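Supplied in structure tokens, the structure appears directly below.
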Amino acid sequence: MAEATDCTMALDPGVRDAARQRLASVRGHVEGIVRMLERDDVYCVDVLRQLKAVSGALDKVGDAVLRSHLHHHVTNAQARGDADVIVDELMDILKYR
Amino acid sequence: MAEATDCTMALDPGVRDAARQRLASVRGHVEGIVRMLERDDVYCVDVLRQLKAVSGALDKVGDAVLRSHLHHHVTNAQARGDADVIVDELMDILKYR
Amino acid sequence: MAEATDCTMALDPGVRDAARQRLASVRGHVEGIVRMLERDDVYCVDVLRQLKAVSGALDKVGDAVLRSHLHHHVTNAQARGDADVIVDELMDILKYR
Amino acid sequence: MAEATDCTMALDPGVRDAARQRLASVRGHVEGIVRMLERDDVYCVDVLRQLKAVSGALDKVGDAVLRSHLHHHVTNAQARGDADVIVDELMDILKYR
């Protein structure tokens, strides 16, 4: 099983399911902020707090995907022969993270 | 009009409308990533790139709200008499930003 | 005393002293990493951990200076009449923070 | 030579030299801010700008060390047999980065 995952570059199925569920919840959170912004008495700082909470939730999804990527696709890149590309695209994503 | 806005602590109407529209677009972007995660061949790095784009879009919304808050509610806090609270809640939001 | 500070745009003396002492300690920490990098068996991750610790220490200095700036110079900017400049330079600093 | 580097966990010599030189310059920059903080008319925002510049310089050093670590020690971790440890310590460093 691990073998099969290691051979492809697809996101690990378990991580993918968890990420999808968390993102569905993030979408709900964003919808909540959109509704919040329909009220003409909404306080700036409350909006900023909600945006920060959503960013934190996105970061958690990203951390899980990144960990899986490191485990399944980065730690074996020399053996697979694409280490240069793998490192370049990783550095690009980590910039300003 | 500016006067009225300065007297209340509500988010500026123009900024609020723009934020709502941008967030509706963020919600669509998140939905796109949820669908992307339904494909069993999705590549980790493509997901990470999309998550980063969404984070960037959220930051832009946050920047606009923050700028408006600074302009309408922070720069007059001493006159209004709630400077301590205003600074505390601002520092709390800016932490780990 | 607070009055005097509020009239000028100088950094509060107490915050300034504390910042100088903390930064002197940051300089010592950086020197330690420079020496660490003279060893040919230094491990990448140990360097990254030290760099992260220094960044965290710098952020603490920045937070103290920012809090003081908000308190003494931003919350009274409308009364002083330079709110636009104050907000612009603040947003510029907070970008990518 | 590259072989030798790949077998050990030491930071690549070229990257190490460059990092040491950049950090020596960062130390000088920090000393400059310490001196700046001795002036009683120093402006908060000027300090914040300098701190931000130092943080940016530290990030560049960190990026170079991270890239080297990914290239020499992470992309071959499965072959070496320490992938779990390598991924754990990497995720720990990237948190709140």
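Lettered A, B, C and D in written order, each chain numbered from 1.
Here is the rule we use: contacts are C-beta pairs under 8 Å (C-beta built on N, C-alpha and C of every residue); 3 or more make two chains touch, one makes a residue touch a chain.
Everything numeric here is computed off the predicted structure, so don't read it as measured data.
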Between A-D and A-B, the pair with more C-beta contacts: A-B
For chain A paired with chain B, centre-to-centre distance based on mean C-alpha positions, whole Å: 19
Whole-Å separation of chain centres (CA-atom averages), chain A against chain D: 24
Touching two or more other chains - residues of chain A: 66, 90, 97
Chain contact graph, described as a line, ring, star, complete graph or other shape: ring
Complete list of chain pairs which touch one another: A-B, A-D, B-C, C-D
Of all residues in chain C, those that touch chain D in their complex: 8-11, 13, 16, 19-20, 23-24, 26-27, 30-31, 33-34, 37-38, 40-45, 47-49, 51-52, 54-55, 58-59, 61-62, 65-66, 68-69, 72-73, 89-90, 93, 97
In the complex with chain C, residue positions of chain B that touch it: 63, 66-67, 70-71, 74-79, 83, 86-87, 90-91, 94-95, 97
